Amino acid sequence: MIPRYTTPDFAALWSDERRYQTWLEVELCACEAMEEAGTVPKGTAASIRGMKLDVDVARIEAIEKTTRHDVIAFLTHVEEKAGVPARWLHRGMTSSDVLDTSLAISLRDAADLLLTRCARVLSALAKRAREHQKTPMIGRSHGIFAEPITLGLAFAGHYAEIARGARRLETVRAEIAVGKIAGAVGTYAHLSPEVEARALAKLGLVAETVSTQVVARDRHASFFAALALVAASIERLATNIRHWQRSEVGEVEESFGVGQKGSSAMPHKRNPILSENLVGLARVVRASVIPALEDVALWHERDISHSSVERMIAPDATTTLGFMLERTASLVEGLVVYEDKLRKNLAAAGELYFSEAVMLALVDAGMARQEAYVVVQASAMRAWKGDGTFRDNVAADPAVTSRLDKDALTRCFDIDHALKHVPAIIARALASKGDG
Amino acid sequence: MIPRYTTPDFAALWSDERRYQTWLEVELCACEAMEEAGTVPKGTAASIRGMKLDVDVARIEAIEKTTRHDVIAFLTHVEEKAGVPARWLHRGMTSSDVLDTSLAISLRDAADLLLTRCARVLSALAKRAREHQKTPMIGRSHGIFAEPITLGLAFAGHYAEIARGARRLETVRAEIAVGKIAGAVGTYAHLSPEVEARALAKLGLVAETVSTQVVARDRHASFFAALALVAASIERLATNIRHWQRSEVGEVEESFGVGQKGSSAMPHKRNPILSENLVGLARVVRASVIPALEDVALWHERDISHSSVERMIAPDATTTLGFMLERTASLVEGLVVYEDKLRKNLAAAGELYFSEAVMLALVDAGMARQEAYVVVQASAMRAWKGDGTFRDNVAADPAVTSRLDKDALTRCFDIDHALKHVPAIIARALASKGDG
Amino acid sequence: MIPRYTTPDFAALWSDERRYQTWLEVELCACEAMEEAGTVPKGTAASIRGMKLDVDVARIEAIEKTTRHDVIAFLTHVEEKAGVPARWLHRGMTSSDVLDTSLAISLRDAADLLLTRCARVLSALAKRAREHQKTPMIGRSHGIFAEPITLGLAFAGHYAEIARGARRLETVRAEIAVGKIAGAVGTYAHLSPEVEARALAKLGLVAETVSTQVVARDRHASFFAALALVAASIERLATNIRHWQRSEVGEVEESFGVGQKGSSAMPHKRNPILSENLVGLARVVRASVIPALEDVALWHERDISHSSVERMIAPDATTTLGFMLERTASLVEGLVVYEDKLRKNLAAAGELYFSEAVMLALVDAGMARQEAYVVVQASAMRAWKGDGTFRDNVAADPAVTSRLDKDALTRCFDIDHALKHVPAIIARALASKGDG
Amino acid sequence: MIPRYTTPDFAALWSDERRYQTWLEVELCACEAMEEAGTVPKGTAASIRGMKLDVDVARIEAIEKTTRHDVIAFLTHVEEKAGVPARWLHRGMTSSDVLDTSLAISLRDAADLLLTRCARVLSALAKRAREHQKTPMIGRSHGIFAEPITLGLAFAGHYAEIARGARRLETVRAEIAVGKIAGAVGTYAHLSPEVEARALAKLGLVAETVSTQVVARDRHASFFAALALVAASIERLATNIRHWQRSEVGEVEESFGVGQKGSSAMPHKRNPILSENLVGLARVVRASVIPALEDVALWHERDISHSSVERMIAPDATTTLGFMLERTASLVEGLVVYEDKLRKNLAAAGELYFSEAVMLALVDAGMARQEAYVVVQASAMRAWKGDGTFRDNVAADPAVTSRLDKDALTRCFDIDHALKHVPAIIARALASKGDG
């Protein structure tokens, strides 16, 4: 969570001020629930709310230097500010009741910020998919020319994948929107499931099924895994853009700002640095998964080893993914497409991608598949080495012409036929909601 | 996937024989779908099915030495065995149509084997949770005595967590049960979405939304993450058992087989080796997540870098988790509980866990919380250092007795009251289905 | 690199000010080398040095908003400040010449800060090892009482391990103290190996053997792996302290500050939170290794995907490890040892740890090992279950007494004999320098 | 460690037979050392050696089913075969004395197999570096044409990096060639440092500085990190080959076997599948680092959680890296270079790579650097967009011609000058031994 990769909303979300405000809100909602249950005098929370306390971060940190305990420092500070009614706060609660419930709120809110950005990325991808649904492009497997696709199909593939990522985010948003107000070891020794349920409902959360001192950490690990999956899907998109932009391909280009400089040494360079940056950041988000999984096996009713991990990876991974999604959206929106280069590269493939059509036509005409493979490969390989075009070579091969007449052969070389299902695939993708 | 950690069902699932049988089944179902679509002569698949081909693993491997391409080697072999009708197999398909669809079947079947085992683990945990729902146990946070729980509550916590893991497995089972028969770059150039849908339906799968040459790898990464989450939850259970069994605690013990030897040097030792083993294996399953995430960003319409990874981690991670679940089930079922040690350890906590009850009673009686904290801590700390019992110390402290009479103080020391919500928590956990 | 886990020296090391100062120093040293080579007018660097430029972080960031290129923004700023002579800076250089050489300086300096802290940790461990070289302690394998060790031996083991970690840090310090001033693709097109060597020597660095645009990233990955190894060794120490402090063991305790509060709910608690914190932070440092390894395979003569990763993990991992080492040192220095609990736990092992001595004596007296094992196990198991002491049981077993007389049996129960080699082991460890 | 990626030497190294033979050898060397120390009758080991025992894997596994302890099963089997003298084996030793010392031997031998392969890879890279030291190639940063390098320089860069990897392997070979024969908790209770030193010397090992029950696991983690570093460097080489082979680049091609088939659908395809495979396998080797680091923090004097991890990752990671190195060597040896495509791509860069030379000449002629940058960028950008060549554009720009005459401008466009330092860099690389 370094300034370079932090947007203002995430900076606010993870600020000290917000954290303490959230703690206070958790305490007040718990207090209200206790008031309803009759264990705390009616009106306590309302009177504190009425004071509109300004939480003083520096003062809390000063107190914590002595107590070496952050929640006690916070409560001491609130008592300093609010006086007598504050003594009713936190009744029967343990620090983790506040901390874990607050963390649930922060992560849930982070998920919401991420989902909004996913929607923007999806919208951008959908637009580009529709725009280029019929723009032919040579497909490549292993980096080698394969058969034609369209640029829109490639965008649609990324759309479908990121839509799945967004759906996973929704799933883990629900998994993480779980708090606890269940006391030191989760037994509600001085509380009750009813107080917990009411307090959490006010906060938009539900209760952990079985708490220890803390909410179970499999939820958090699942959350970070979902972040890493979205990051990995952005990495795939960014990797493709890097390939598409490389000098020899030149099919797309990242938007280049006025005044932007590509290189201190080579003034003509326009580098896909946004995409490269996204690939790097995906590594950072991915790196949060293992520590989150290592946090699951806390000892007995909890140890605090997870805490330092989460203090770092929770802001880092969510903020970084937020930045990635924002950058991805503007990258896709602004991506410059060079249709002439798309056509030129497709032409360079020399129609070899019709080899399968010819092979299948030969099989349909009665040739054994292995034989057809050999026949077609011969013409293809000659063309590949610069000896004639593939179309001419097969047209001159008696093994072919003895089975396929000129019309039949021409039908094998029809790109519209090869791409006829593409609009339907794209439509299917854009109608998907990350399911299937 | 080493023999030591491989059960017979997973050995069979990942055998060469099964793999080639699955490939053949995919080819035959695709063939049947093409027959229905009219692109392949009716009865082709039936005639090949009638031959009840024995796929010869060694022969395929011999052919692959020349072709350096596994699917072509397989098809060549099938053509050797089945003759003319086999030439209609694989029409318009690419190798990945077979490979990825087959992998989907294998991973889906692995998920089913895992889910069955999860059910057994859950059943064992539920039984122990009910059995010990009222067996008091000292809860520990930071490894330090905290407040009482029951052993059944601990089991219920593990139950709820593994139930969430099982639910995640169900989710990724659906995510992974996705095949593709869409040709070299996913455009159905010589196929159709209808043929694909019919063929996959026969196999119990649905179609990838947008294929490249392959099914998108975010699905697989999500799958492996779900495995790692279950493994991490087992790690937590195993870690707790290791703690419970350690010499100074001695509350439970792994079942020790007749003839089993704990140590070559120390004949009396009974070590929690099953649990330690489970902790190690969790590391292995967890280690599959990062490579699976790295596999997502394939280049263009695919590269084959994911393949070698999956050849190793797919059998390894699923088989290892299968072994872990089986071992966990028998571990929980056979776990020996020493109730006397549970009682003894609880007694050793010296009722200090009632300190919060005393503190709250003082607050209810009008003392400020911070003051109550200090008062109670004084008695607690004296007891902790061996100077009197906590109960006697507070009973002798005028700061306490001036506010609480004897009855009020006695009520603070009631373990049944402290544990009164536990049966409800356990019931709630066992009724959960991994939700919430 | 969050404030909570950042010490002032690391805050300074990774500050924007320091970074730009280092960049300037690299430019000036390169300039001086070029002056010596005659490609830049003599005195250029000296005249700029004479200006004692204050680098203005905010101004550079403002310029970068337009150029979207950090080094160009920096150079533009320097030219604003220094005027004409600055035009000679960066001659023939590429941005990475500055960036990678500066990063080498930062990481080397970080290594030095870490090595100083390692020395303090080693000194603390050595002191405690000597202090407790003869303090008996029950050794535990699998958490189960095994044979006696001494507390000093345990400290010596940690000493030897962290000494190895420090030696690895020294190795990677040398690996990382490697810069490059070799131009856009490492060919010295407008530079020379001599200029590079001279400039780097001024900075205390040597030249990359073969640069691309950047220094090779295997060096950085090796660096982060070495950090993670030290972190893992701290994790082992912290894990042991957590075990030693747990309520049932109670052999050591973290120093507890005046005013420190262990729990908001349970005032008597003294939790090993420093150790738990160290365990968590080890996860964070460890998590930097995989992204660093993923950074190695840059495309062609470089892509910039590593940059965002390093902007985050370089400060994070070094700073966090710096904090860990500092905390470890004070933890070890202040650790409170409870010798009475050490004795009590040793006694609780009931001399079962002498079982091997008895077994060996029986073997020496002619019994087959397997038979001796069974004989000893019988007495041990009875004792383990509370039926007599082990010593009494073997003394009453005719299978034993028929072979060993009373004196021979007594000699088996001699703890001084069992520990006689310990001082030599400790001496060997403290004399080691991480070798062997 | 699946057959597909296992070479015979590694299959033998990790076979059950070899493992038990190594155990026996450890026991016999320890026995000999004890004979020399007088604690075991002279001639014991020699008499067992004379029997030339065939260790029966199946029998040991059958015994282990009862004992659930592998070393005890092994010893029982040896006693079955060797009779009375075998009772003297393992005297005072613990299972880990055998297991860890044997593991040290296996990993050391694996390191030797890997180092031999590294030498072959280095030899192949050196040959190609020399062969192509003057073959010009367009260098690329960010995938965009930068300045010229030579193909030999690229090979030399990989050489230098893998040489560093080999040196790191040598370092960890020394770190891991460390055994222990120190008893149950490392105190030599029934042994001595002298016996250990003698026994280990016979096995080519040295003694652990401070053992617990086991050798410290930081050594193993360091070992696996070194493997991952070599794998990452192979990944970089393989990634470059994939780029060089892609259709639009076409500068090199993996050797294509007679009969090899690139695709079941597209007969003309020649895919860089060996390189893609290497990239995938690098992920697998990398994935062993985290579990190895997680293994370090064993509890107290050891727990057995590391064992299951090492049973899987030790064979897997070493064998996979062995396969990678072998494949890399033949890949480099057989790589087909297309010099015409190298020339063609260089030409396509349109001499824009001389832009820096022009810029520097302008600066030398008195223009401010920022101004020179703008001037050159204008001509470069026009050329980049197809408006004239860069050379013609600058030659027609008065801002240039007013400062540089025709000769001065021509000197800027001299590729030999740009590459004049390359042979020296290559020579320096090939003379390096992984140092510096």
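Labels A, B, C and D are assigned to the chains in the order they are written; within every chain, residues are numbered from 1.
Everything that follows uses one rule, which is that contacts are C-beta pairs under 8 Å (C-beta built on N, C-alpha and C of every residue); 3 or more make two chains touch, one makes a residue touch a chain.
Values in this document were obtained by computation on a predicted structure and should not be read as measured data.
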### Query
Any idea if subunit B and subunit C meet via the same residues, over half in common, or different ones?
same
### Summary
Note: of the two pairs A-C and A-D, more contacts are counted for A-C
### Averaged-CA centre spacing for the pair subunit D and subunit A, given as whole angstrom
32
## Note on the structure
Each of the following residues of subunit A touches two or more other chains, namely 75, 90, 92, 140-143, 146-147, 183-184, 242-243, 261-263, 265-266, 271, 273, 276, 279, 286, 290, 294, 299, 303-304, 356
### Task
Name the graph shape formed by the protein chains and their touching pairs; answer line, ring, star, complete or other.
complete
#### Entry: subunit B partner contacts - residues on subunit D that touch it in the complex
1-2, 4-5, 66-69, 71-72, 75, 90, 92-95, 183-184, 242, 257-266, 271, 273, 276-277, 279-281, 283-284, 286-288, 290-291, 294-295, 299, 303-309, 311-313, 315-316, 320
### Task
Sort out for me which residues of subunit C touch subunit B in the complex.
138, 140-147, 242-243, 245-249, 261-263, 265-273, 276, 290, 294, 345, 348-349, 352-353, 355-356, 359, 373-374, 376-377, 380-381, 383-384, 390
### Contact footprint of subunit C on subunit D as seen in their complex
75-76, 79, 84, 87-88, 90-92, 139-143, 146-149, 153, 156-157, 159-161, 164-165, 168, 171, 175, 178, 183-190, 192-193, 206-207, 209-213, 216, 218-219, 221-222, 225, 228-229, 232-233, 235-236, 238-240, 243, 279, 282, 286, 289-290, 293-294, 296-304, 356-357, 360, 363, 368-370, 417-419, 421-422, 424-426, 428-429, 432, 436
